């Protein structure tokens, strides 16, 4: 049984707490959060204890850390965990500054601890299924990928400062997904953005609607279509075209009931947002981290993957500003 | 070019007029209808002429008749056409009385003219496709058939007298479809009905909701689910289960556009009623009659088929009244 | 925390063990199974202990029993649990003999313990959703229900003796579902069966293919279409027609990826069988039993529901043999 | 009745011949084609006559021309028809050279004859439906458009010379569609291409796979995804995202039968190619031209639309070569 110290008792921390508890090989050992009330709720539900950052890092009973705290604490916590020899699971991003990411990864490498970066979508059973069918030759060689990714509603305009902007905050998942599916590193990126949803986002210097095109060494092109608004749930789809056919991974609906009535045939909306849509992905992700803890495999999504996604997000920003394709 | 005399310039007559005109081998020669205004409209559109029943039947230029007039005129017109050596296309039913049907068919047989009974659904490309896939072995041996057939809205209660009741008027199509798909004659029928839609229909001695079960010599069972009301268009579906799988022929929607919005994912209703839903079936049916006229084939749906469907409708009525399975 | 004694460490027992363990209010306390190896596996995984029937029934720490053992042990275990004041969750059926069921229920009533009968499909989120939409008036008053229920492949012919035949073993779920959805007790039942899948089943006096029609006091008709074979996964669908429209609960597919290739557009099969298809139903069912244990509600599916389903199965048998509708 | 001279008796000419014949206001008067055998077939089927270019243009009985001959004859025939006062329907493109297009349009304008350019997809009922729903406010203000357009298989590499390359030949339809749906003229275009299907196409200096992004004055972005190969029929879809939801116009399948079997649930491929997929569009297009002939409306798709699509295709070529967004 591996004891896990959970950093962050918020929305995503609660998801991980359930999965840590339900997994037969992991135990929610402690919760660390400056907001004590939230931490207390979790420790009560799962017979865990509250610790400080220092206590958790120094505690030899802690085998692994699960970092789901605020973005600006990630890099520090990663470094402390590495220094203290803990296996690391960290939500994306490592940091919003590329230089800080690189310094942090150097510390992890020096202390040689396993680290898994939480690009949750890589574990989504639908997207995995699509990737497996590609691998099995169902559509032959890949030719073009389309990623549709729309949030249900925009964050407040102020969030643009905290999040690093749409590309670093939201598109970064799709950039990682493109690399994951194609299995290559892109050679160029072109980005287009506009502000269609909330003018305040534009005034804050950010965008809310985007199209990006990536080209890969094999000639494959990946297109990413993004919006901060959907109005019909969380829109998360993949479409991969190959020499022998097409694979589509569609939205997961809230239920499968169809109603035929006087306005036509209506079925449910897609799942509302990431906690519901990627519920199974979070379970599979944690299963993978348990496999890493048990030494059964290496992390499938490493610090370098986290770094690469950020490099792409920054190149996208440069392309959008210059109106030119950026060669990587 | 075969000259066709069209009996009946109403809704269904107009459908046939277009198809007669568009077919390269047939010509709308004359229209016969006591309602002269309707007849005049058709002859104007297609450079045809108005005739009386007697003129049309006596005219040696008429090669075939298309009977789409009121139900109680069918048997007489069929007999006149047979006596005058015309090829016959007649909308179902031949008559509502079984004895009259049999007398009429005897006349047709005596004069040895080809006759096609218009069970339009047999020519529907979707149902044909399902039957072809059964024939090609896609699902192996058939095991059970489900026919869902619902009209958009009930006829006035008075219509029950004219139509012979729901089984003779509406279910008769589904009874024919069951024979057509399974390719056997049923050995028993059990029928259940209720009046759920319009109490006046019940007071008139008829039903508006029904379930029927037919058993075939091979053990195959066919279930027919009927209603006089759908509220979401014309509901016309087949589902055939076999030893190796399932075939479904679903509803044809008015268009293929999907709308994802705050009430979910909505697509169009099925086609509103038979004129739209079976538009392609009517064209294919006429193509088949042109093939019969040209001697390229025998009628696929003969007077005997029309008779058999009526026999089944009457047995269904007997079963519903007695609460017993009727052995055929 | 409620301590649960689990009777039966087989396929279904393992499902309940996971759900008992993952639920925050229940604890897998002990496992009782004559096959000790299976029991040991479960107690090892969940820090439970092995008990004998007598030990478990006498143990004051046991608050509730979960009975997932062989069918012929159910009634005895229920009576013992009732006598010992335990809350009871029991997989269907209570017994295959109606008189034994009634005796057993009398004991439960005398000792006044809560009992939940495990008709798992009542907790399926899809079917619940359909029932809720009916309740919310989406389609107005219900008019006809269609239940399609096909197992992936037939059991060995010998099983017919153990199971009490197809109606008591398999159709019983659909008979309960019809009552659950319509919310009335049927007034008549008509059943038709044939042996299409395996002749040995017919020789054993059982059937493998069936169609049943139930009529309810309100005039609603329910049709059940059954087969012991599907060849394309577990086929579990509901279709409810009402005065204002239609509700359909379709199959849950193994995944949502669509492949467009040279044979057309292909998506995954439905879930293979009940353990996968009703995974969420089992979780919701256990949640309901936890609510019963905590006194938050009464059992939604009582012994009387178990008894009624068996009454219907026996009436179906009588109808099939007599070729007549059986009035209830 | 308007008499039509049809130029070109090939594949597309035959489509128009049927539609001219079936329309109650138009008559196939003559066919002009240097390949006399093809012309003869058509005149035999429809009681038309063979004419030379000169005869048809000089014949006062000819009210309109339908130009479906080889691309390099279009501009000349248009000019001759304009000079002779005939109403003009011409398949796209007017010419592959922009200067030739402009000269030709000047002649049409000078002689003030109505001209309809045959961008057939504008008349597709599915795409019309989507545009109407946009107009009706179903999704509020448009935000981004996705056009997926894939041919079933690539043309021979030599064709690149004749066709003017993929953008001028194939993408030109999608460029026109983007303008049609959004109802604005784009302000910039960015194009990416690669050769994934047939190396010989690359050697001939052309591409077979492309992604294009257009930006419109309102901020709307349109993405076009193209391939010369699909392997699963003709892939023709639109997806329009707006402030209140999403509209999708999917592929039209060859039939609606679904097969559930051991490889999953399979339905038919999309229609094989444009003649089948756009069959209804060609009929509606001809209906529109009949409306133009009868003076009931102006051409919805004029010479200027034909010119604009070519301007966009050339800008796309420039963008792909330079790696920069081209401002229009």
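Assorted remarks:
Note that the chains take the letters A, B, C and D in the order they are written out, and that residue 1 is the start of every chain.
Note that in this section contacts are C-beta pairs under 8 Å (C-beta built on N, C-alpha and C of every residue); 3 or more make two chains touch, one makes a residue touch a chain.
None of the values given here were measured: they were computed from a predicted structure.
When the interfaces A-C and A-D are ranked by C-beta pairs in contact, the top one is A-D.
Taking the mean Cα position of each chain as its centre, C sits at the greatest distance from chain D.
Centres computed as Cα averages put chain A at a distance of 39 Å from chain C.
Between the CA-based centres of chain C and chain D the separation comes to 57 Å, rounded to the whole angstrom. Chain A and chain D, compared by their mean Cα positions, are separated by 42 Å.
Residue positions of chain B touching 2 or more other chains: 230-232, 235, 244-246, 260-262. Within the complex, the chain D residues that touch chain C are 230-233, 235, 253, 260-270.
Residues 22, 24, 45, 125-126, 129-130, 133, 138-139, 244-252, 255-262 of chain D are the ones that touch chain B when the two sit in their complex. By the touch rule above, chain B contacts chain C in their complex via residues 141, 143-144, 146, 148, 150, 188, 190, 192, 194-197, 209, 211, 213, 215, 219-221, 223, 225, 227, 229-232, 235, 241, 243-246, 323-325.
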